[in-house]
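Chain lettering (A, B, C, D, E and F) follows the sequence in which the chains are written, and residue indices restart at 1 in each chain.
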Amino acid sequence: MKFTHFNEAGRSHMVDVSAKQDTQREAVAEGRVRMLPATLALIKEGHVRKGDVLGVAQVAGIMGAKNTWQLIPMCHPLLLTGVDIGFELDETASHIDITATVKNTGKTGVEMEALTAVSVAALTIYDMCKAADKEMVIEFVRLVAKSGGKSGCYVRSAGD
Amino acid sequence: MKFTHFNEAGRSHMVDVSAKQDTQREAVAEGRVRMLPATLALIKEGHVRKGDVLGVAQVAGIMGAKNTWQLIPMCHPLLLTGVDIGFELDETASHIDITATVKNTGKTGVEMEALTAVSVAALTIYDMCKAADKEMVIEFVRLVAKSGGKSGCYVRSAGD
Amino acid sequence: MKFTHFNEAGRSHMVDVSAKQDTQREAVAEGRVRMLPATLALIKEGHVRKGDVLGVAQVAGIMGAKNTWQLIPMCHPLLLTGVDIGFELDETASHIDITATVKNTGKTGVEMEALTAVSVAALTIYDMCKAADKEMVIEFVRLVAKSGGKSGCYVRSAGD
Amino acid sequence: MKFTHFNEAGRSHMVDVSAKQDTQREAVAEGRVRMLPATLALIKEGHVRKGDVLGVAQVAGIMGAKNTWQLIPMCHPLLLTGVDIGFELDETASHIDITATVKNTGKTGVEMEALTAVSVAALTIYDMCKAADKEMVIEFVRLVAKSGGKSGCYVRSAGD
Amino acid sequence: MKFTHFNEAGRSHMVDVSAKQDTQREAVAEGRVRMLPATLALIKEGHVRKGDVLGVAQVAGIMGAKNTWQLIPMCHPLLLTGVDIGFELDETASHIDITATVKNTGKTGVEMEALTAVSVAALTIYDMCKAADKEMVIEFVRLVAKSGGKSGCYVRSAGD
Amino acid sequence: MKFTHFNEAGRSHMVDVSAKQDTQREAVAEGRVRMLPATLALIKEGHVRKGDVLGVAQVAGIMGAKNTWQLIPMCHPLLLTGVDIGFELDETASHIDITATVKNTGKTGVEMEALTAVSVAALTIYDMCKAADKEMVIEFVRLVAKSGGKSGCYVRSAGD
C-alpha cells in the first residue's frame, strides 16, 4: 500500500491519468449534521412555510461539487454530468442526513466531488442556523458507493 | 429562536451588518479523519521522510478559509488576518485531529472560515489517501471557541 | 465629460481611490425577465408547491453580487455588508421584476454589485426555465438609486 | 410543459446528462446598452483614439462566458471551443448592440454562456461609463439562435 | 534571518497580522518579455491599427492583481485601491518592459499583487503571440519599490 | 506571420478550435528564481528539517496550472490529466530552477498551463521568502518542449 499523489522526489503531484479511458462514473457520499431538536424543528417548519435552509444548502452543495477541483489541490478538473442532493430529517435522533450523488464521464472518479457536495451543504446548514445553535456537529461524512473506472464498483459495508 | 438569514418574504438574504463595528475576532474549529491504522502509519512516515500528506492539507485548508465567502452562499466577504492549522495523530484510536484557528478584524465572525478550513483539510487528506483507504470518515467537525463581536466569547462545553 | 477608467496612455486602469474616505453606501438596481404566461404560471406554482425557481435565483444573485469584482475588470474589491433580492410577479404583463439592494462600507459604491446581482438572478431564471420557454427576454436592467460617497444620493427619475 | 431542473423532492438539481452524446453546439445571444448620445460619442471616440471601453468589455465578456458554470448554479461545466463578441454602435437610436457567439463540443448547449457573455460585456460598458452616465439601461438580452444537440436548431423569430 | 510563513510545528501558515495598523501602501514591480523583432513589430502595429495585444494584457494583469490572494497560498486577502500597468516597447533590444503599480490601505503590503500583475500580463502577451513566436522569454520580474507599513520605504538599487 | 487571437473587427476573441481533434498533449516549461545565497540556504534547510517553502510552491504551481484558463483571457478551458513540478537548487549560482510538466487530452495545447505553473510557483517562493530577501528575481520563464496537436513536437534549441 502506498500513496499515488507523490512524485519520485517525494513532492505532491497531480497523478498522470492521460492513458486512462473515459468511462461513465458515479459516486454517492453521505454525511450528517447533528443539532438541537429545536433547530431541526425550525428547519422543518421553514421548508414548508418560509425560510428554506435546505434549499440554500442544496444550491451550495451543487456549486461545491463543481468547484471541487479548485478546492482540493490534487483533484483533476472534471466535467460533471449530474449532481443531486437529498436531505432526510430524523426528528428522533435530531439530525439531518445528507446524500450527494455525482456523475461524470471521464478519466477519474467523482468521489471527492460527492464528499465535497456533502461537506459544503453541511457547512451551509451550519451557517444558516448558527445564530440559533452553535453546537451543531458535522459528522459521518463518508463515501457510500462508487462505480465506473478500472477499479470498478465499491459499496461501503453496512457495519460502519 | 428564529433564523436571521431570511428576509420578510421568506427568502434567503445576506444579513445586513452595515451598522456593526469592526472588532478583532477569532474562531477555533476542530474535526477528525478516522482511518485504518495502516493509512495513519503511511501519513506519519510520509511526514518524516517524503510524501507529506499533511503539508498539502495545510495549504488546502488555509486557501479554503480564504474562499469561504465564495462557497457558503450567505457568508459575508472578510479580510482574514491570520489562519493556522494543526494536526494531531492519534495512533491508538487511528485518527487525525485537525484544529483551525482563524482571525479577522471586521463586522462578522470567522466561525464559518474555521469550519471550512477544517473541512477542506479533511477532504484533502481523504483525497491524498483514498487509493489506500476508501473507508475513511470525516467526523466531529464543530466550533470549539470564538471571541470578538457583540455576542462575545463562546467556548464549547467539554462534554461533547 | 470624460471616462475615468483610463490612464494617460489611454489604457484601462483601476481608478486610484486610496485617498477616498470609507463611507456607508447603498445601491438599488432593478431588472425584468419577460416570458410566456405559461412560464410565469409554472414559476408561481413552484414557489408555493415545489421546484422553487426564484429560491435558486436568489442564491445565485447574492453570490453574483459578491463576485462582481472578479467579473467586471475595473471594479474594486469590496466588503459587502448586506445583499437582498426581491421578486415581483406581474401576471398581467407576464414578467418578473427583480430588485437587488446592496450595502457596503468602503471607498467605492456598490452600483455594479446591485446590477450584477440582478443580471445573475435574471440569467438563473432563464436557465431554470429555458426548457419550457426559449423566448424569455432580460430587459430594463438599470440603477434605481444610490447613496453614500462624495457624489451623494442619486434617484432615477420616474419617467424612464 | 414542466421544469427539468428539479428532482422528485422538488429541490433543484443539476440535470443528469450522462447518457447524452457529445455534439458540436453553437449559440448566439444579443443584448443592448441604451445610453445618452454623449456617452456613445465618447465610446466611439475612445475606440479610434484612446481609452477603448469596448476592448475591455470584449475581454470581460469572453471571461464571463468561461465562468458561466460558476455563476449559474445548475449549469453544467463545459469546455468552450470558441467565443466571439461583436459590438454595433447605433448613433441614431443611441445604443450599442452586443452579439456573443459561443461554441463547444459536449453534452449540453451553450445558450447560457452566450447570454452571460452579453450580460457581462454590457455590465462592463456600464461600469466604464457610469461616471459620465448613470441612466444607461441594459435591455433586450435574449437568445437569437442555437444549433447542435438533440433538440436541433432554433432561430428566434424576427418579430420579437 | 528566518522565514515568517511557518508555525512552530514547521508547517506553513498565514502570518497573523491582526495587531498591525491599516496604512496606505504602494508597490511597484517590473518585468520583461523578450521576443523576436518581428513579434514586437506585430504588437506595435496592432496597438495603432487593430488587434491590441497589450490592451488584453492590461486587463489580465489588473484582474491578476485582484486574484493574487487566491493564487499565492499564504497571501492575505486585500482591498486594492488602485492598479495601473504600463508597457514600454524597446525595439533595439526587442523586448517589452512591464511596470505594475498597486495600492491599498491595509495591514499588509501589495508587493505580491504588483509582481502577480506583471507575471499575468507577461503570460498574456506570451499567449496572444505564441502562434507567431514560441521563443519568448519572461525575465527580470522583480520588486522595484514599496512604501507604507512598519518596514517603511524600499527602493531597489539601480545596479540590478 | 500574424496573430490568431483577433477577429475581423480587430478585437480579441477565443480562437475557434471546434474542428480540431482531441489529441494527447504535453508541455514543459522552465523558470528560475535568483536569490541571495543565504535565502537559498534557508530554503534548503527547511526542506530537510521544517518549513518547506518548496512544498507550498509545488501545491500553488499545480493549482495555478488548473486555473490558467481563468487567468489568461483567451485561453481555452482544458481538462488537465497530469501536472508535475520539479525544483533544482543551484548553490553555486544561487538560484532555484523550476520545471513544470503538464499533460492533457484535448483540442488545444498546455503551453500556457506549464508557463503559469512555473510563474505561480516562482511567485510563491518569492512570497514565502520576501521577509528575508526582497531582491529575488524571477527570470528565464520559457517553454522548453511541447508535443501533440497539429503543429507536432517542439523542442527549444539549447542555445537560449
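Methods note: contacts are C-beta pairs under 8 Å (C-beta built on N, C-alpha and C of every residue); 3 or more make two chains touch, one makes a residue touch a chain.
According to UniProt, the chain labels map to these proteins: A, B, C, D, E, F = Cyclic pyranopterin monophosphate synthase.
Just so you know, these numbers come straight off a predicted model, no measurement behind them.
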item	value
Starting at chain C, fewest touch steps before arriving at chain D	1
If a chain touches chain D and chain F alike, it appears here	A, E
Far-end chain from chain F, centres as C-alpha averages	C
From chain D, the most remote chain by mean C-alpha position	B
Distance between chain centroids, defined by C-alpha means - chain A, chain F (Å)	31
Centroid distance [mean C-alpha coordinates] between chain F and chain C, Å	37
Chain E-chain F separation of Cα centroids, rounded to whole Å	16
Contacts with 2+ other chains: residues of chain D	9, 11-12, 52, 55-56, 59-60, 63, 67, 73-74, 78-79
Set of all touching chain pairs, with the criterion as stated earlier	A-B, A-C, A-D, A-F, B-C, B-E, B-F, C-D, C-E, D-E, D-F, E-F
Residue ranges of chain E in contact with chain F within the complex	1-6, 9-12, 31, 38-39, 42, 46, 49-53, 55-56, 59-60, 63-64, 67, 71-75, 111-112, 115-116, 119-120, 122-124, 126-132, 134-143, 154, 156, 160
Residues of chain C defined as touching chain A within the complex	52, 55-56, 59-60, 63
Residues on chain C engaged by chain E in the complex (per definition of touch)	7, 9, 11-18, 20, 69-70, 73-74, 76-79, 106-107
Residue ranges of chain E touching chain C (in the complex, touch as defined)	24, 54-55, 58-59, 62-63, 65-67, 78-87, 103-105
